[in-house]
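The same subunit A turns up in both complexes below, where it pairs with subunit B and then with subunit C.
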Partner chain A sequence: MSTFDYKRPATIGEVVKLLDEYKTSAKLLLGGTDLNLMLTEDIIKADIVIDIKNIEGLDVLQIKDSNLIIGAGVTFSQIVDSPLMKEKFPVIWESSRTVASMGLRNRATITGNICSAVPSADSAPALLNRDAAVVAISSQGKREIPIEDFFTGPRKTSLLDNEMVMSIKVPEIHGKFGGSYIKMGRYRGEDLAQVGVATLATEDLNYKISYCAVGPRPLRVKEVEALLNGKEFQGELNQELKDIILRTVSPISDIRASKEYREKMCLVLLERSLKASLSRMKNGEPQYGKELL
Partner chain B sequence: MKKENIKSVGRSVKRIDAEEKARGTSLYVDDIKFPGMLYAGVFRSPIASGTIIKLDITKAKKVKGIVTILTYKDIPGKNLVPVVFNDQPLLVEKEIRYVGEPICLIAGESKEIIKKAISLIELTVKERKPVLSIKESLKSKKAVNPEYKDNILQYYPIERGKVDKIFKKAHLIIENEYETNYQEHAYLETQGMVALEEMNGIMTLYGSMQCPFYVQEGVATVLGTDYSKVSVKLMTTGGAFGGKEDVPSIIGEIAALLSKKTKRPIKFTLSREEDIETMSKRHPSYTKYRSAFDKDGKLVGVDIDYYLDGGAYSTLSPIVLWRGVIHAIGPYDCGNVRINGYAMATNKVPSGAYRGFGTPQIIFAAETQMDIAAEKLGLDPVKIREKNCFKKGSITSTGQVLKESIGILDTIKKGKKSFNYSERKKNTEKFNKKHKNLKRGVGVASLFYGVGLGARGGPLQKGSALVSLFKDGSVQFSVGTTEMGQGMYTVLSQITAESFGISFEKVHATRISTEKVSDSGPTVASRATFISGNAIKVAVKRLKKNLTEFMFKEKIINSMKNIEFKNNNVYKNGKKLMSFTELAMKAWLGRVKMIEASWYLPPETTYDIKDGQGDAYVTYSYVTNFVEVEIDLRTYRTQVIDLFSSEEFGNVINPQLAEGQIEGGNVQGIGYALFENTVLSKGKILTNSFSTYTIPTILDVGELHPVIVEKKFKEGPFGAKGMGEMPLMGIAPTIGNAIYNAIGTRLYKVPFTPVEVYEEIKDR
Partner chain C sequence: MKKEIIFKLNDEMVSVTVDSDELLLDVLRDKFGLKSPKRSCGRGECGACSVLLNGKSVRSCIIFAVEVAGQEIITFEGLQKEGMTDLQKSFLEHNSFQCGFCTSGVTITATEFLQKNPKPTVKEIKEALAGNLCRCTGYSSIVDAIYDYTKKKGE
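The block that comes next holds the complex of A and B.
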């Protein structure tokens, strides 16, 4: 591990000042589950690590003006333990339960998960489906980045060098809806997703579909949504939809799985997820958190 | 007053190290720190095969905090890792034979500094095309190891009966090819050793290992010093599974060489990545298996070619292969046997010992064959095993006549009943009719296991113990085998207590060290309970004799007959003389010899290397596994629902520890069957962490149900045999057979990952 400076400012003002000064050579530390490992293993280097744990208010998790605010300090365990999240944002809740293991969820933040921007980020599909926005701050002020524009490539985001994420903002849905997130690892223990899919179905039969781990970044498949909208999903995808999906996703063959297998799973998991979402919308079954794979 | 019956053996006493492990206070190698201690690192080969043209360490040497860098030229003794054939150098001299082979040793003030120095070492090589698989090794004209004439590291045949004749007239012949991948030990604690010269110039090593005597030999060899000038001491060892049998010698040699050179303590511990890439693992295998049956379903002939991928050096391959060959036909009496076993050299990290030791690969083939035969013959898979399995007087493939403690049929019967076999089978059929994409199936597989090192163990088949009685009546012991998490300290404490007739709490196990007892061979082959338990019994017997003679001399008793040590007391003709504590104090005052070092040799084993015939092992343990699995025909994932492992290993010393061993081995077996998949590129292991090499978690193993069958073995300590390895050995075929039962697809390649299963059935 190379050496670096360490600062633990108490205000956002100090943080953005340091970011202006150090830009990409500064790394923000909160849960540290990714960062600490990458620093100790020399995968990344930093001139300064800015620990933002002392900044007040980053652990906010509440609804404000019809929007859920997830502060940058909110851990996955906080989400999993939150009745509000389970009731109103059940897919974010469901996907949070699949992240790593309990020990890691106790420290890791959902903001850290999206800022790391790995293609397999478990929290991304649910956030994409809810049209979340990332609230970023810098010395130039605050701005909101739609989550769809946030991921730009593997480990790359549209965040500027001097910006810090304050929170994630998720609009409420007022009508009836059902959703689901299905993650396929190579086994049931903590694994990275080989394929992850989240879907959402509202009462007026509008669908949202997003994937992770099947391309360079998490992605929404609006073309498929449009073709499904207004129709009751019958449990199987037709050939047209399958073709679109396989055109849209771009999984790779690696040491975890083959491209062919992953493509196949993109379809199987989507069918299962849509079925569960629709059923949950109608009668709340199967319960959120239940194994859908 | 009601008489207390003190019993230690056969009870689930709590592990003596349970609390320190639960609290996290156990001391492992990495917890040790000595003043002035340096760290060690290794510069390794980036290529699989080639010749070193130039090695330049000048820049690396100049890094601040680097104390020394050694090459093979700096080794004062022999450049050698002694195992069986002594073909492995510690450091590359000129020829590189696998990715990760050590070239230079580095000592520095920190691991970071060493990492920097490693990056500055300049190596120029002339690369050769490496030999990377068994099939390539068989074809290759050039030997991987220039010292050998070909790539066969070892060959073992078994020839018995009239194989060709029986195959000509057999009712049914089944012929298939099988393959298995590596398996990584995945011990929680990676390899590690601390070396320093302690008082009187004795090179002392503290480490994690299965055989301190191997490490002692290795260190003395590279230092060119006396064995008696090397002392090896066991730290709490966080798992081993065979992975710490021979390779700790490498770790110890490195630490000791650097300590000798720098005159400072050296700590050498491996990162997970370095450990997976450069340490031993289970041999990949390739098997051609032919079985012949008569019309009644009797196995009448086998003809097997068995190949193991040994890697670049022979290390333990000769012995691993031998055990594989002996166990190749399973627990069945078959008069006509031909087995040709080969350990092949490749340009890969040397394979080695791993729980099961060359048998899980061949059992996978054998028990799949048995299942195929059952179906073709219209027999139930359980029935065909009942029909063929060993009974009293049965003869093994090596011609050994089995006389006592043969529990295979009992494991089948008890397992079948516990598993509720017939009803479960019906239920799965009902389930499968109801579900289109989910299919369930049941599978069975049997196996046997030769306890101890057996005839190829040669001079290592021995055990010693040191038992010491104190004047307060408490007892301390040490043995030559090691505790690596399996519970040996606890089981041997039970045996010690039972032998003395005293409370378990009065017995204390001390650190294992080469300073206390003589070379007792490695802690492998499920032998610690048997070999060390018997050695302890010998020592306790002598101590009791010393005490009895003392009582006679002191006229406490008028004859030495009918003396009993039990319930913390001493009795003559059933009448209590005094408490054990009183006797200990009297004996101490009377200057009785209260320490005994003992020696135990197991009964003779024999083996003829030409035809593989002889009494290969002292005795055998037996297992029959039953499993129910569910497979998802759309995701190709297999989930174990219930696994019943029915095992016979003599009498049981500690039922709970035995169950723990069964469950732990079962989990490793499930990992081997379903999840663990090593991927290499150009001889380099890519799956070098637990994010890429997946071992099962509790969520992946279903419900485990150990079933224990007891069958006394007279020569064993309190009737015990050995059982550490068996729970892993036959899981792959059990699951494979269950998958076949569920979906009608036969799998010939381990592991059965979803991707592999998909490839097999996608075109159905």
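The block that comes next holds the complex of A and C.
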């Protein structure tokens, strides 16, 4: 006797109807790399699993009206294999390459990654820096949630019980920019981040800085951005900036690293990431995907 | 809840009745007798249970069998239907494996990877295999065999 019922509706209309009916006892399934494991290991319970793989159009990955639309069905492999992503959204591309391994990236979706909302979500810092929005739908209609308001805590999002994410929307940047994502793990193979940092630098010297794995949720550090804006980053953070960062992040000690080590690495990796982003903005070097650690 | 599913398995249409929480890995092993996908970590991390789903390597231990209705699955048994592949022969020549538990997963992953990237660098091979754990060999004999195979094929 199985523990849940399984449905694979063909339309979003049917999905939102089921969500209205079952609310928290329904779970939406796409790649299942997180969900199926949690169901199998009895970490979560569901009365019904709603598989949305049959819904047409969820694998869309294209620019529409100056916004990139990443459909809820787009896998990390699709992003890694996309020339459009490499060219125009290189940090989302770069961070997608660091997610788990090929066998998981073939199945795991970037939408699932942010909906799981683990503090170490690799895709989050790049999406935060690009001011992405999460497009959610329910029987009440559609709404857009700025990615900064989306993560509310470990494994918690601002998505309502009866909502489904349809896509992630990322505005295009017109003009020159450079960015980078540095993920530090315990070894080079598949691992969760001990610290992850993404930065972005535009031609007019505006910076974006976001972290993952160093707090209860992925976060942006706007205070530091504001102090750096307009200036050429010289390669080292001054004491004021370091203090702000250490005040903003709140890492824990766990099996992957100690709190103290993570704090130190927040500073080191940020310097390296900013340097790489600035250099990529100017001359495209080091190439995206190159090891920056 | 019992469901009947139909899917393509190693080039044949098959149908089977499964519970909605039954894992693809268990269905392949216990209902179809295909023992090449191994249960090892059971959490999608080690790659021993890899199969091809519509040509892409996936972890059968974290996929419910109901999800593959209407899809195409190829296991290691399916890869070598016509006898040993050249890639397998290269593994054999290089004495790539010892206990054999990771063999089918590595072969599945390498098969997909080489279709996408027929002339990889050693670094790219290592990256592609990062999700397939082997506790016997230290990987060099596996990587060598794949690299050697691509070189010979290019000649």
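Points worth noting:
Throughout what follows, the second predicted complex is superposed on the first by the 291 of 293 C-alpha atoms of A that agree within 3 Å, B and C clash if a C-alpha of one lies under 4 Å from a C-alpha of the other, contacts with A are read in each partner's own complex, and residues count from 1 in each chain.
Just so it is clear, a contact is a pair of C-beta atoms (placed from the backbone, for glycine too) under 8 Å apart; a residue touches a chain by one contact, two chains touch by 3 or more.
The shown structure was predicted, so the numbers you read here are calculated from the model rather than taken from an experiment.
By the document's definition of touching, of the two partners only subunit C reaches A:G32; subunit B does not.
Legend: residue contacts after superposition of the two complexes on their common chain; A:L293 is shown touching subunit B, with no touch to subunit C. Of the two partner chains placed by superposition, only subunit B is touched by A:Y261; subunit C is not. Contacts of A:L104 after superposition on the shared chain: subunit C is touched, whereas subunit B is not. Shared-chain residue A:M184: touches subunit B; no touch with subunit C. When the two structures are aligned on the shared chain, A:Y6 is found in touch with subunit C, with no touch to subunit B. In the superposed pair of complexes, A:L192 makes contact with subunit B only, with no contact to subunit C. Note on subunit A: of its two partners subunit C and subunit B, the one contacting more of its residues is C.
Where the contact sets of subunit A with subunit B and with subunit C meet, they give residues 1-2, 188-190.
Those residues of subunit B that touch subunit A in the complex are listed here as 112, 115, 632, 634-637, 639, 674-675, 679, 686-687, 691-692, 694, 696-700, 753-755, 758. Looking at the complex, you find that subunit C touches subunit A at residues 1-3, 19-23, 42-45, 47, 50, 53, 56-59, 62-64, 66-67, 69, 109, 112-113, 116, 128, 130-132. Taken together, the subunit A residues at the contact with subunit B in this complex read 1-2, 42, 184-192, 255-258, 260-261, 264-265, 268, 293. Residue ranges on subunit A touching subunit C, taken from their complex, read 1-6, 8, 29, 32-33, 36-37, 39-41, 49, 51, 53, 77, 81, 100-104, 106-107, 188-190.
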